[in-house]
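A short worksheet on the structure shown next.
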Amino acid sequence: MIEELKDAAHRALTDAGVGASEDKTWPLLVELGWLLVALPEDLGGIEQGLPGACAIYGELGRSVAAAPYLPAMLAMEAVTQSGIEDRDSWIERLSGGEYVAAPLARCSVRVKGGALSGAASAVQAADTAEHLLVFSDEIVAMAPLKTKGVEIVPRITWDETRRLFDVRLDGAALDGGVVLAEGDAARALSRRLTVHRDFALAAESVGAANAMFEMTVEYLKTRKQYGRPLAMFQALKHRCADLKMQISAAEALLQDSLDKLDTEDALTMGRMAKQLAAATYFTVAEEAVQLHGGIAVTKEHACHLYLKRALLNQHLGEGVDRYELDIAASVLGA
Amino acid sequence: MQTNGSADSEALSALRGEVRAWLKENMPTGWREAMTGVEQEAFVALQRDWFGKLVGAGYATPHWPAGWPGGGRSLAEQKVIYEEVARADAPRLIMYFVALYHAACTLIECGSQEQKDKYLPGILKGEVWCQGFSEPNAGSDLASLRTRAELKGDRYVINGQKIWSTMAQYADRCLLLARSGPSDPPQGGLVYLLADMRAKGVTVRPIHQITGDDEFCEVFFDDVEVPVEDRIGEDGAGWAVAQTTLASERGLTLVELSLRMRYALPRFRDVMQAQGRLDDPILRRDLGALTAKVHAACAVADRYLLKRIAGDEQVGDASIVKLCYSRTLRDFVSLGQRMAGLEGQYDVAFMRGATQETGHWALDFMNSYNWTIAGGSDEVQRNILSERMLGMPREPKAWRL
Amino acid sequence: MQTNGSADSEALSALRGEVRAWLKENMPTGWREAMTGVEQEAFVALQRDWFGKLVGAGYATPHWPAGWPGGGRSLAEQKVIYEEVARADAPRLIMYFVALYHAACTLIECGSQEQKDKYLPGILKGEVWCQGFSEPNAGSDLASLRTRAELKGDRYVINGQKIWSTMAQYADRCLLLARSGPSDPPQGGLVYLLADMRAKGVTVRPIHQITGDDEFCEVFFDDVEVPVEDRIGEDGAGWAVAQTTLASERGLTLVELSLRMRYALPRFRDVMQAQGRLDDPILRRDLGALTAKVHAACAVADRYLLKRIAGDEQVGDASIVKLCYSRTLRDFVSLGQRMAGLEGQYDVAFMRGATQETGHWALDFMNSYNWTIAGGSDEVQRNILSERMLGMPREPKAWRL
Amino acid sequence: MIEELKDAAHRALTDAGVGASEDKTWPLLVELGWLLVALPEDLGGIEQGLPGACAIYGELGRSVAAAPYLPAMLAMEAVTQSGIEDRDSWIERLSGGEYVAAPLARCSVRVKGGALSGAASAVQAADTAEHLLVFSDEIVAMAPLKTKGVEIVPRITWDETRRLFDVRLDGAALDGGVVLAEGDAARALSRRLTVHRDFALAAESVGAANAMFEMTVEYLKTRKQYGRPLAMFQALKHRCADLKMQISAAEALLQDSLDKLDTEDALTMGRMAKQLAAATYFTVAEEAVQLHGGIAVTKEHACHLYLKRALLNQHLGEGVDRYELDIAASVLGA
């Protein structure tokens, strides 16, 4: 089932082309039902869970697509897991393609007197969305964006396929929004969303790394120097072999973790998957540009889209170093 | 972190529990300490003892056909046994590995009924075998093998030299690859023989390793006679038979070794604590990055075996597993020796049968070369990967000097 | 850390003081900020202005023969000027570099008196030259250059395409390497011409770089005519003349660039402070390791120039300098972008004429490829180093597909 | 002059052979006057300073010689720089070849009531020496070793060419020894000795790295596989090129620093030289063993002597990480 999903996504996104715009890819993914991938069957979904979603993240990464699928999926997950009364209508709105925003980096939000204050960082799609999913140990909520006390600051990045914003909440009212969890339930749900986010970034990074690597090997096979294809030069071959091994390792860790998601170590597993995948993607991108030579630093070639995404992905989630420190703490027991 | 077991079927879970309980009861404790700084004989005694116990329990030969002790196990079951052995940090059966895997599988797959009847029972009784493939100056280039096997009547007469033969000083028999004809094609002209290590003309010289150990040997053959009936396969088919030998461990070893590395991660806690640097963010950052790689190496080995079980293996997959393990191991031991500081340099533990994660970091660092050089060096794996898996063109064969 | 100057003679010290004082007085301040996000024209104006000042002071042409403004300086004196320019973080004369070095040195060394009289004064007046060596799909393989120069009567007719020509959109003249005969030997059959960029049939297309800049161009030649008197050297000797062109900067550029990197080390303080991680041992450890490498890269470039001054240069030395700079630069920008975190990704500064150490780390990271790919890629330097310096054998030339 | 010295040392040590014993190399270096290299002419030396000494350290590194030259030179330097009355007789004893010990790693020694207490780490030649040179911010002294309150603990290392000891002083009397500096003078002299030690370790590491690298390239040229010398395989060539570049960088930094020793930054320059040289040597050693293949892990081949020295040298002086942190502090101004 997941394989079929993956193949279908691959075909659709190959048709859409590398770096396809949000205008093109968002309607596509809504129409093809990708928002329903993880949703339980009794709620109208196809119940493929996070592994299913990761198949899509992987393909979106492969084609550096611009659609804000991750925030939408985080919101779907949050709503589905919550015990709110009007859950079904929220699911209907979200799965119907209403834009929703969510932070891809730190989110520190607190409730004060029924209103929200705090900040959400690297929020994707904050300009087009009705609501922002906020999640912290204290609260998980769908916060209305078009209301007083909400400040949305565009943060342009080199990776033009992602529209990111900083959102500051200063006593923003929840009217029209909904609290999904508070207290212990918030901590548990927030943790679950963090795991989802880390695996999503990992899957996307692995997909992109694979695509960029394949593109590079193809280029080396085509391009000739001194009467031979570059792919025949052993120094380049060995570098490609090392990259292939590294990508395989990141991919195996991701897949292996997704097979074992229900253990108590899901958080650490997500940390490891994201850290290794993002670091590997960065290495692949750095080498891929070098192996392509001059053409890769021109906008005519797709390399730069992958390179810029690789730069960004390192810093999403908890950011560099923080992941490694968390993983170490899991080994050291403190 | 618990990552084994959750995907087990009920039968596998039961086996896992059974093996775990048996190991708890039977595994020699404190064997590492007992093997430190001792003569080879002590290590041999440990190996014999442990071999006997495993054979008795049926855990030494799960890969043999049904009918043999513990035989007829699926690859998935064999994997469970290997995982539990790694988890328990039991000794590796270094001295018997060639007999149990290389010799036995070659006999089972390519040997005649007479050969099976003659040799398999002896293996179970503890006969030691060694491998005679590598030669000085040959490396992974089979075409340049120079040990001669000359057919005279009903026997081959062997002259030449082999190297890197594990524990050959204790071996009863040798899996010998020798040249009986011209190397055209490069794999051609080889014959695969079962040589008697007690025969006249065989000399074994242990190699003094830089760690103080001497588990590898040179073996010299000087007019050594091997009867024709101890040839496996046809004359000239030696290369193909050798492939069977090399494929016999089927990825299990690297599942075991990467798990050993993962189970040894807490050793970093020990060394950081000993250095008074348990809270040092520098070391923690490095440890975090390494930990993800170690888990990934386990996942790579694990998924490779699952692919084999499912019959999905593709060319180059095995090279990824080997290269991933060897590079991760190098990262592992490098960080350890770095953390251990000056004190680590004073830790001149010399341990027989040491694996690569004893926590004696300088020793482990040196032993790690056993995996980046031997069994197909990293460089050979990179060639295989790039050419056979990625389809990057080989240099034409006509390019010779 | 003060590492320049202590080895200066008195005369060099005096020159250093003079240049330093002049730069303090004359250098455009805030030029980086003024070049951020602007159109190319603003950058061109800055270049013209700065060029005029340097020519006036005699600091643009210290390498020209005595008699020209500021000319006749020793290499040691030129080095002092470059060092001071780096120290002051003055703009690099990107638009005039080909004219001042490549064109001028080629004319001075290989040009006829008529050619010198015709072109050198124009360079001083601000004529812009560009280089027409590289071609798409040719890389560093001269034998595969395909731009044709056909001799018809007293003129060559040029057809073909060049690429990576710096600021060709503003160039008056082009140093053009084209094929007039067969490439046997590979360096053979080339002719070196001075082409008029305003001539009929020349089309320039700026390349859109991934940083937003467009300092490089493609140049198309469509039946462009070049008079025979604008040929340097004999027909067929193009390769040898091109070597003169490429040798013209004599290591000064890398002295300057590595010093720029060293003088930019305090930018790490800025980024660490901005991230609130000034005291983070993780970043400090990485910075410490990098700092030693950066100082080493400076020392490598410096000592190479001293060797040239002493006439001691050996084959491969230049490749060490280039490779050391490019790898160190990659380490430099990688650490910076890592430290800058998510905020660094939001810093989409697009700066004209940016060097590689602006403190806009993602930009610097991308610009660093200009040094690992262009001007002889790292891979080409490794070939030269291993074959020509270390004497590791080349693959025989007969190995062709 | 330094070139001649270097050539002479090279010839003598080549004759002695790789990894030559202390019995062989110590008398040799005493006889050839290498202990006088840095000594001023008016004291009977040849006044080539630290650069001259580094030429010798480099050659000793090249041949992984066992002689305890560094402790002797530190003691010579300490005595020469001190204002003690019987300086000349000390110089005579030391330059005559009397063994002297000195710490190659941390030394924390204090004076209490005219006696010394503290510890000196990685002390070379403590068993055969009459005196131990101790240096700290508080005191620089030649402390008698064969006296009460001195404990000498042998610390065997993998690098068998160095005999190292921990020395603990517990109210050890100075009778027969001498205080060379106290207070501010001790701080200055101790700093000078630290700089000397760092440059010495750097020079030795660069020398050893060069020798091991040359050995490797020679091996690759000789050994054939698939009908060609290994040196013709491009992947190996490129790795050799990278190593050559790295060694050249460490060497250039060392030489460049030695040319500029009299600046106020000598301490940082020594730190950088040692850190880069030791790290480079380690990289070279790791790669050299791999490039040699199996033969390098046998005692028949000299590779392991260089590898073990490389492992040790990383940890001598201040040890790993500490160097980098000190260098960073010099950039960050704190």
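Order of writing sets the labels: A, B, C and D. Residues in every chain begin at 1.
Convention: contacts are C-beta pairs under 8 Å (C-beta built on N, C-alpha and C of every residue); 3 or more make two chains touch, one makes a residue touch a chain.
Remember, predicted model here, so these are calculated numbers, not experimental data.
J.: Please name the chain that ends up farthest from subunit B once chain centres are defined by their CA atoms averaged.
T.: Centre of mass proxy via C-alpha means gives C as farthest from subunit B.
J.: Can you check which chain pair, C-D or B-D, has more C-beta pairs in contact?
T.: C-D
J.: Can you give the whole-Å distance between the Cα centres of subunit A and subunit B?
T.: 41
J.: Where the centres are mean C-alpha positions, what is the separation of subunit A from subunit D, in Å?
T.: Distance between chain centres, rounded to whole Å: 52 Å.
J.: Which subunit D residues sit where two or more other chains touch them?
T.: Expected reply: 229, 232-238, 321.
J.: Please set out, as single numbers or ranges, the residues of subunit B touching at least two other chains.
T.: 281-282, 285, 379, 382, 395, 401
J.: Touching residues of subunit B toward subunit D in the complex: what are they?
T.: Counting only subunit B, the residues touching subunit D are 134, 137, 139-141, 143-144, 163-164, 207-211, 282, 330, 334, 337-338, 341-342, 344-346, 348, 362, 365-366, 369-370, 372-374, 377-379, 382, 400-401.
J.: Spell out the part of subunit D that touches subunit C in their complex, as residue ranges.
T.: 217, 220-221, 229, 231-232, 234, 236-238, 240-242, 244-245, 248-250, 252-253, 255-257, 259-260, 262-263, 265, 268-269, 271-273, 275-276, 279, 321, 323-334
J.: Under the stated contact criterion, what part of subunit C meets subunit B in this complex?
T.: These residues of subunit C touch subunit B: 280-282, 285, 395-396, 399, 401.
J.: Considering the complex alone, what residue numbers of subunit B touch subunit A?
T.: Per the stated touch rule, the residues are 1-3, 6-7, 265-266, 268-269, 272, 278, 281, 284-289, 291-293, 295-300, 302-303, 319-320, 323-324, 327-328, 379, 381-383, 385-387, 389-395.
J.: Under the definition above, what is the set of subunit A residues touching subunit D in their complex?
T.: That would be residues 233-235, 237-238 of subunit A.
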